[in-house]
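Shared between the two complexes below is chain A, which has chain B as its partner in the first and chain C in the second.
Moving on to the complex of A and B:
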């Protein structure tokens, strides 16, 4: 177990090192001066520029520069944005939680719907329920997420007027940002009408969450269905039946647990897809998240922001996927045996 | 009318015929296959099929509704957009761009992916683990992020977004190829070839590659739907194909401005994308279950 933990820490550290190196190299690859791209200061701010050139030892060789860059990264000094002039570290810290919040709700909703439906489809394999669920999932799986978001806006915001078009919460509410997770912030704040603020926040959440969740739900449904079917066809299930267990007992005692194990790694593989969808949906609903922020940064050619945002998002993805991988490795005895067998 | 069999001769279908027989049993998948061929025909023959030039602006015919509306005309089947361009022609050319470019990208990604995968699968030790780890980390980064970085370096445009999508498609092919090669290498017919003194390259080209075809086709259909989604998403976000181009995602973006008074300008291009991706997914699913059923028999 310590061995596995050590190996994973090692892997995470190496990956993070490569990512930081990559973000450093990006400053040289982007158009313009590297120091500009690292700090976000323009050449006309000469004195500040000279100071930061000293800070990054821009005249020294590239390895010394990288060493200083890492030092500044850990000090939380990520430079400032070209377009707004705000420090990037605070900006990323402000926008990233909004994205995480949206994706987390969407993921939760998808699990809540997708898992049971997947089980139902698998238990009714080759029956009408299975076929109809599968066809519905094919529709959801094929719909381009931006088109879905546009249709939802057209129908529910413009035609019916049920839900607001964009943003996180009605502008009437001024929520002090403590954690930057809107729901938690509302619950923490005490000055305003909590209930009205919560309702407003939920109304803003529904459409973006739905548009992300449709694709994710169908993915979960399909993965679950396949996994359950494969598990129920395996020999230990047959053995359980042979011992005289009822189908219900077989499913509860042997089916569910073994079917759930392969789902998690497959889902972790879909995490980048979820994030891409979340970024697109954010930009359609003007959700103040990291995806929308990055896309705006592209339009404004804000290279320091792209560098910082890319680093933040990829670090998040790496840590998330690695921790899922580690959890599976530690909890699934089959993986452990396979590992012992090879070493 | 079926031919009466006069002779008691056993007929064994080839694996390919067997797959087709299994595939034909699934009627929805066959419908998807016809739809797929339809898009393929549009992609190849689009200048012959389109009634108008996709960029011709007819000043008198702004925002004409499609023909199923009470005030729509038959001369513009899907209506016109805010600049008076015929939507049907733009959709036909848009299918060519989105679908054709995606097919191109998938082929490029497949060639590179199979090459790298063969390198990773046939070699051992450091080289193999280096390729694996690099590709795993590329696969973990969302496509949109790769695209944003490449576009930040090279500037927005269709060709630059194509690079990004090709790069993000490669890892799956490498993974599949590598795993497949690993599985096959332990089988006995490979051992027979080895005992005959075949070199590694010979084993790969003559023994493994012919068996990989089906796996690659299934993987390619998956990659094709992903690539269509990505290319249109990038067009939609103004990062890929730019405004006057008739790429379907870029058309959707243009439609937003008039979406409230002319909903067909976003309904029709989006619908075309939707049907395209459904047909590809149907074919992919059908093929996968046909192959699975063939192995079960």
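Moving on to the complex of A and C:
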């Protein structure tokens, strides 16, 4: 147990070190002065800031510079954006929650739809239900996310006028940003018509969530289906039937849990895909998230912002994937056994 | 296989499924039916203002966001007739020698009450003095705040024109000029001559927060600023004690949407009630929609390609001429403006009386251009930059695409073009520093007086104030446009402007490209929004049904 924990912590630390190194080197690879790319301040402005804490001691050698860089990163001094002049740390803090929120809802939605459908498909293996679900999922998996998003906008926003096509909530609602998660912020605020605000927020959520969820849902469906089929074909299921349990009891007591365990690590691997899709969808729905923000930064050649945004997103992905992996490692008895066998 | 078949009897899904579907349907019903949005108007604007004081910034975005929403002026232009009408000044008197202007001020006009400032008095002469002296007197405590560049007034050299601003009593002021100038009243009615609160300024001095005056503004206008988030939105609330008896809505929101197709889409779905600058390619779509209204007016503007004449080889008029001959203006207009603009000959549009029809425009002739370039010693593979505005303007709806077309044209004559663009406020800052070789930009006039084109665009004083994008300074030109102002008869002024037009056609500090029509699109429910040919959008008196 401690061994596993240590090994994972080590792995995370090494990965984070490489990421920070990469983001530091990026500042040198981008056009322009490295100091400018690191601080976001132009050289002429920098001289005025000579005495401030925000200096990367440009005269020292590169290792000392990197050391200072890490120090500033932890202190929350990520520099400022070239284009807006706002501090990047606060900006990322505002925009990242919006992306996490969108991805989380999409992930939940995918679970709620994908898992049951996967089970249904597996239980009706080689039947019409199975085949139709499989073909639909193949279709969903093959549709490019940005195209699906545009299609949804075209049909549900522009033609039918059911749902809005941009933003998180109608701007007429003034929601004070406390956590930067819109639903939580609405529930925390007290000066507004909560019900109307919630409805408005949900209306804004539906299309972007759907567009991201489609791909993940089909993935979950296919993974679940395969896993359930494999589980139901294994010997312990046969043994359960031999003990005289009804099909329902077999599924509930032995099928579901054993089918779900191998699914989870595979799902954790989907998180980066989910986030990537979310970033694309964000820019289509003008969702004020980190993806939209990064794309703007790239468009405006805002190197400090690109550096900070990429670092923040990759750190998030690394930590999320690693912690899911770790949870599985610690909870899955089969994995544990395998470990003992090898050591 | 046998085992799997047994599961087919499992029908336990049905009841929860039915319940789930019912809940979903109810939820959908609630989501689709809801029309409980709070009362307010959403305007989709094209960019973030750099501050909320139009004295400091001539950009249309800043003017739209502040001038007619937050502030009032002494006098206004009537948007329909173009006449000068009373605003904060109820009446005015011009002395016989044309040098002294006396304004009688309106009483019981209140300023905005914000979270940090509660006005204790009504608007009076002190506020007018403060607002004018801020840009007029270099040693004024507020002169250097927020950069201290008063682009508009500096470009017209109003500081040098006014000899004295005097308070006669609490509600009467007198402005004395050094010499009579026929466009002075028109200048006071522009979007830039806003009236700030002197009491608020004093408060800020005592709190040592002077710079807030331009970022957390206080004015007398119909709406007051509630909050602003860069690149996201600007929120205004109603000024409950606005002096004009016009209809106001509780909330006014500028939804900052840089992409014009997205603005149109939001207009279609009703997420915006009105949009800024509909793209010329989309006008047809708007016309076909039943619930949208498209207004059109000939514009007082000019889109041009200016060369940085302070940099060789662009200081050579022959090089500028050759570059002008290398591009096909008509093709540009067709591709960028979709024929909702006319090719420009002068820097003033044909609707202006200063327009000179018999200036021969440059004709498209790449062969002659190459020849001329070689004669002037420009080598093959010469490389230059074309700066393209990152935002759309009525005078140039797509500078980026225009830059790409110009890039292709100049390639033919052996010139490599690098296209450069920055975020809008940084873009203008660097232009003022003169870092460009050439730039695609333009100008929208703020009043009907032609001086409003000639002086800010090309006079020597305008280099310093940052509106002379060509960095061009000619004594002869300055003399001509100054002469033109000393006369009140239009026929006399036309003579001097004609001479100035000829000089420009010969020197070509900039190549005029087009005069675009102005369009404004809004939903049918919105009532009272009119195109203001003299500048920014006005939401006072606009109501949603």
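Everything that follows uses one rule, which is that the second predicted complex is superposed on the first by the 335 of 343 C-alpha atoms of A that agree within 3 Å, B and C clash if a C-alpha of one lies under 4 Å from a C-alpha of the other, contacts with A are read in each partner's own complex, and residues count from 1 in each chain.
Heads up, the rule we're going with is that a contact is a pair of C-beta atoms (placed from the backbone, for glycine too) under 8 Å apart; a residue touches a chain by one contact, two chains touch by 3 or more.
This one's a predicted model, so the numbers in the text were calculated from it and none came from an experiment.
Visitor: Taking chain A as the common reference for superposition, should the pair chain B and chain C be classed as clashing or as fitting?
Guide: fit
Visitor: Now for A:238: first (chain B), second (chain C), both, or neither, which partner does it touch?
Guide: It touches chain C, and chain B stays clear.
Visitor: One more residue to check, A:316. First (chain B), second (chain C), both or neither?
Guide: After superposition on chain A, A:316 lies in contact with neither partner.
Visitor: When the two structures are overlaid on chain A, which partner does A:264 contact: first (chain B), second (chain C), both, or neither?
Guide: Once the two structures are laid over each other on A, A:264 reaches no partner at all.
Visitor: Of the two partner chains, chain B (first) and chain C (second), which one does A:330 touch, if any: first, second, both, or neither?
Guide: neither
Visitor: Contact-wise, after the overlay, does A:139 reach chain B, chain C, both or neither (first, second, both, neither)?
Guide: In the superposition, A:139 touches chain B alone.
Visitor: In the overlay, answer first, second, both or neither for which of chain B and chain C A:158 touches.
Guide: A:158 sits against chain B and chain C alike.
Visitor: Does chain B (first) or chain C (second) touch A:275, or do both, or does neither?
Guide: The first partner, chain B, only.
Visitor: Just to confirm the geometry: in the superposition, how small does the C-alpha gap between chain B and chain C get, in angstrom?
Guide: 6
Visitor: Taking the contacts chain A makes with chain B in one complex and with chain C in the other, which residues are shared?
Guide: Touching chain B and chain C on chain A: residues 158.
Visitor: Across the complex, what residues on chain C touch chain A?
Guide: 3-4, 6-10, 12-13, 30-32, 34, 36-40, 42, 226-227, 230-233, 235, 251, 253, 255, 257, 262, 265-266, 268-271, 390, 422-423, 426
Visitor: Which bits of chain A are touching chain C when the two form their complex?
Guide: For this pair, the touching residues of chain A are 82-84, 86, 116, 120, 123-125, 153, 157-158, 161-167, 170-174, 193, 195-196, 199-200, 202-203, 206, 229, 232-233, 237-238, 241, 247-248, 251, 286, 288, 296, 300.
Visitor: Would you tell me which residues of chain B are touching chain A in their complex?
Guide: 28, 137, 139-145, 148-149, 151-153, 156, 225, 229-230, 232-233, 236-239, 249, 252, 256, 259-260, 263, 266-267, 270, 273-274, 277-278, 281-282, 285
Visitor: For chain A, which residues count as touching chain B in their complex?
Guide: 15, 18-19, 26, 29-31, 135, 138-139, 141-147, 150-151, 154, 158, 269, 271-273, 275-276, 279-280, 283, 291, 294-295, 298-299, 301, 303, 306, 310, 313-314, 317-318, 321
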